[in-house]
């Protein structure tokens, strides 16, 4: 079997492998990670794939493995495909901590710090129902690409929960290839076909931005309730400005910080908490300022 | 005789049959959901949503007519949007949302210059050193995106002036969205320059036989630089239009713009081997997939069937167009 | 003898391992038709390419009007008043005959439109039809791309191109190879007329009777080197063939 | 004289200088981090991670040599992986994880047949109707992905037999990963067929001048069908290899496989206009970007700089290769 | 007169608006050289393309050995033993001369390797060199792609190709247009030798002395129609030119 890596590495080094580069969610996680790890005296490195995708994350994992840090914090982009490379990390004596997403195989990571995406989808449905009040109408889910595990889980949770609200007619989900212009186009097309559209759940940043644009273009901003996922500065700005009516926010900074704590515990032989759940909150314009700690960061 | 000659000229136009395909598509969707398809709203939004791609595709038409290819347009769009938004923010204390027209104009200039810079790099490398356009623009595809991420620290840039997004982004003029007006103007100028000027003629000549063009004294190197420059400037303009439309400079979500633009150009009858093609064809090539995607959502086709249906109609459209054209040539 | 218009000396040109020119010299005077003959692969086309700025010789000097010139691009040859009919024609197959005739020198509309680069397609077409008529070419349809024309029709377009634009010197690399009997005579007439206007015409041809009928002088190339020069009036086909095949050599060529 | 002639032949090989580029890259990274780069592990993983792309690129080389293009390979890979995994699961009561070799063989067959089916569709449409390859394969790019999603209901398919993933996926043979052996075998056969057989000769002839090939009595239509069929079968094999390696049939993450394969082919010296090229060049073209990406991760280059650096090296590599080749031709 | 080998009647071929053939007829007998002459654009090349399976006539009948045949592809022409030198040569410019000579009929290694399709490159090269030698072609380097050869060298390769493979009929569309004096004589010798082997040779040429020197019969095409037929021994250049230009017509052609 592949994977004999030879000599020892640098135990005082920690690497974060996010799911994808350049997303405020992971940047915020990186902030928490850098802060906590540096404070504990570790050298840090961050290596992100250009896409949220196992085929791009795998070479990064094996590249990091060649470098032999003490611990790796990783957001696996596929709950099965990443098992092989991550097991190699473990076999090489590197402590593995899962952040945000997790593998199906629970024997590899020392600890998992995550927020439940399906739970987030359910929260989005409840929030939307509240925003709508008793009014009747159609609701749409804008998803990214078929097969993207995180956003599929959000959509699945939403679909399950929205069924409990008989006044809301679920017209199904549309895929957007994670492109804002397709999201905008699919929102306006849905508006043409279903003029009673009353709510849209956009499962990530790009779909949210596209949906907001489509609604604005249609002159239906606010009339159609838009619930987004994540709380990047632009999204918070849109929430404040009324382009978006609610956001489901995770707590990436805490995820990153907790991940470092658990990794250090594992490295130093202290007791490790196998599973840590972090908060998910629904932000609306009303309670926005009170929840500012959940806002994501563009840079640390 | 006069009207018949006109009719014959029309039937002889290379774009006639692909235009027929587009009209048939619209008619079919219109018949299926007359209440939803043939409304001012649907027409307006469809036009707006294709404006940015149309501007990219006009530039791509020139490139493909020279037998080149430009994979970098989507990344250049991103780069230009980022630099433009950041410049506007910097000029207005970090958040340009309330900035005025002066700042917007500077933003436009920055977007165009950013696009031009990448176009110039592409053009110089391709024309001067003779490197394959695919490799050069694949390189700038990666590099422009990386540079955009580097400048913006990897995240979307907000703070687009309201005056910009309210006028160019969502404003209309006698019911026609302003974005559409801009795209239409670019297309009209692009079509005229390619079809009626010496610049266009030289573009065709280079694509048809580069060596013959060089021997005829056409400054091939300079001309190629200008064509890629044009594609870059138009990508910069497209980035600025996207900025006005989305009110944010997105980093992600433009990785297939290049293929979409190339597909529109080829669908419109321009050969990848250069020498022939037209901007009018490209317009049709932009609208056919856009109408299809929109129509399938409106009539409620299953999400997994949508890409399959789009693929089938695209291939069938080109097939029909080609067999009609052949029949004409055989007449 | 007067100063030659074009005087190329000791040109050498390699393509990879192949030596196409091994010190070829060539002279042309204003107001004469000089034929350049030689066996297949002797280097005639390569010499023409070197003298019209398409290929760059590895070494050697070129004098034009007595002054050394660097023919580093077709544009610099054109600026000296040199036009060329290439053996491979070098036309844009997707463009129509008129567009090919005016390629690189398009006529523009008068006034503002013209300054914006708008073409005067009608006028170009009119003049193209006139040029073709003069050469005896009948085109079935002047709007058809040149790639669809017959071999002879295409060659006529290339010939028309060169004689319309030249002012000092015309190279013609096998201009009559694909022409019919009538068209060939017309082209030879045009060559004489051009010569009588004081230009130099360099004619490459494998048809020796044709060469002797129209040329004033003949230079013979063999294996990339000039091996003989003849006064056309005082030589025979046999002598020319002898020089081309190496049976006959002149010391001072 | 003999050794000098051999040397000259070597220096004359079209792939020499791009191979020099690859060696220089490895040397540079090796000098920067000798402890991490020149280890068995790094070599093994780099080879394994390029195996799938290499198999796709071998098929793409044939297509590009005929002056065609195949944008569908990534989607066909996905489709084949999905059908293969679902077939194996169906044969073994819904979860094939513990299934034996019989089931694995059926899975392989299903993957190859799935790939062949799409290749056949591409080939027939392109060769019989003369539609532009770009449009046809853009269509199957969308359609194969859509079909894969339709079959798998939009999610990744798990349940890959352990015997498959432990042997083909991660097993080694005298230290050489089995996946690498498969890719190497495909490459070797591909190189020999293209370089030494009538099939290869006809492929070059069609790319060089399709009409001449037809007039020479080469069955152009049938040959083109076979070339696209080959590309499809290899995409199917690649899908099966990806299944073994990742233990899951992933339906995302293959949308740029087509561009990566085309880039590898062009980087390796094959012209998009057909008629020339080699599989050996393609191998180098696959490894240069792979080595770069890996090296940048190991030496710790900033993520945003990585695409820029890759772009710079790619363009520089082709530039160097081309100017060296030109210098040789001018000799 | 014996049954003609090839008898084409009333062929019509349109390209868009252009009528290239307007009811052209053509006959060739085994063991004769028949010249097909006509002005530029008369339709000679189009006729050859129709008779060698490259283009499909819109109407008309073709009899081969007295039986009607459908020449719907070059392969079906080849199977009848027909080979063609096309005016545009139709070679693969990226392949070397030997590869072009054997294109579509590659020699394979003996034994298993051959059955796997492995080429015998050495043998093909050897035979190619011999063929070229016979035609008097000297190639500077046989491993260079044919696109880099001189015009005459390239044409010689195409001629070699056709005579090596033909068994019944050879069409040669201006085979000597780019050839040197020596090579032209060799090709004419080859044409005679092929004729003497009992094949039919159809020669298209604009060089009337050449036509009269080698042809047994001459057929004249004008504006897409056969306008005259001559016995070569009993006609003159003037008569041929008259027929081509329309000054002279025969009723029963």
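Details
All chains are identified by letter, namely A, B, C, D and E, in their written order; residue positions are counted from 1 within each chain.
FYI, a residue touches a chain if its C-beta (ideal position, glycine included) is under 8 Å from a C-beta of that chain, and two chains touch if they have at least 3 such contacts.
Heads up on the chains, UniProt names are B, D = Monosaccharide ABC transporter membrane protein (CUT2 family); C, E = Monosaccharide ABC transporter ATP-binding protein (CUT2 family).
This structure is a prediction, so every number in the text was calculated from the model and none was measured.
Note on interfaces A-D and B-C: more C-beta pairs are in contact across A-D.
Note: the chain lying farthest from chain D is C, by mean C-alpha position.
Between the Cα centres of chain B and chain E there is a gap of 48 Å.
In terms of their C-alpha centroids, the spacing between chain A and chain B amounts to 32 Å. The mean-CA centres of chain A and chain C are about 71 angstrom from one another, to the nearest whole unit. The set of chain D residues that touch two or more partner chains comprises 149, 154, 303-304, 307.
Along chain E, residues 15-17 each make contact with two or more other chains. The set of chain A residues touching two or more other chains comprises 21-22, 146. Touching chain A in their complex are the following residues of chain B: 33, 36-37, 39, 41-42, 45-46, 48-49, 52-53, 149, 153-156, 158, 169-170, 242, 245-248, 250-254, 256, 290, 293-294, 297-300, 303-304, 306. For chain E in complex with chain D, the touching residues are 52, 54, 73-75, 78, 84, 86, 89-95, 99, 103-106, 108, 116-119, 121.
Listed in rising order, the residues of chain B touching chain C in the complex are 193, 196-199, 201-202, 204-205, 207-209, 211-219, 275-276.
Interface residues of chain D, counted against chain B in their complex, comprise 69, 71, 125, 129-132, 134-136, 138-143, 145-147, 149-150, 154, 255-256, 259, 262-263, 266-267, 271-273, 302-308, 310-312, 314-315, 318-319, 322-323. Residues of chain E touching chain C in their complex: 15-19, 38-42, 45, 87-88, 137-141, 144, 148-153, 156, 174, 177-184, 206-209, 241, 244-245.
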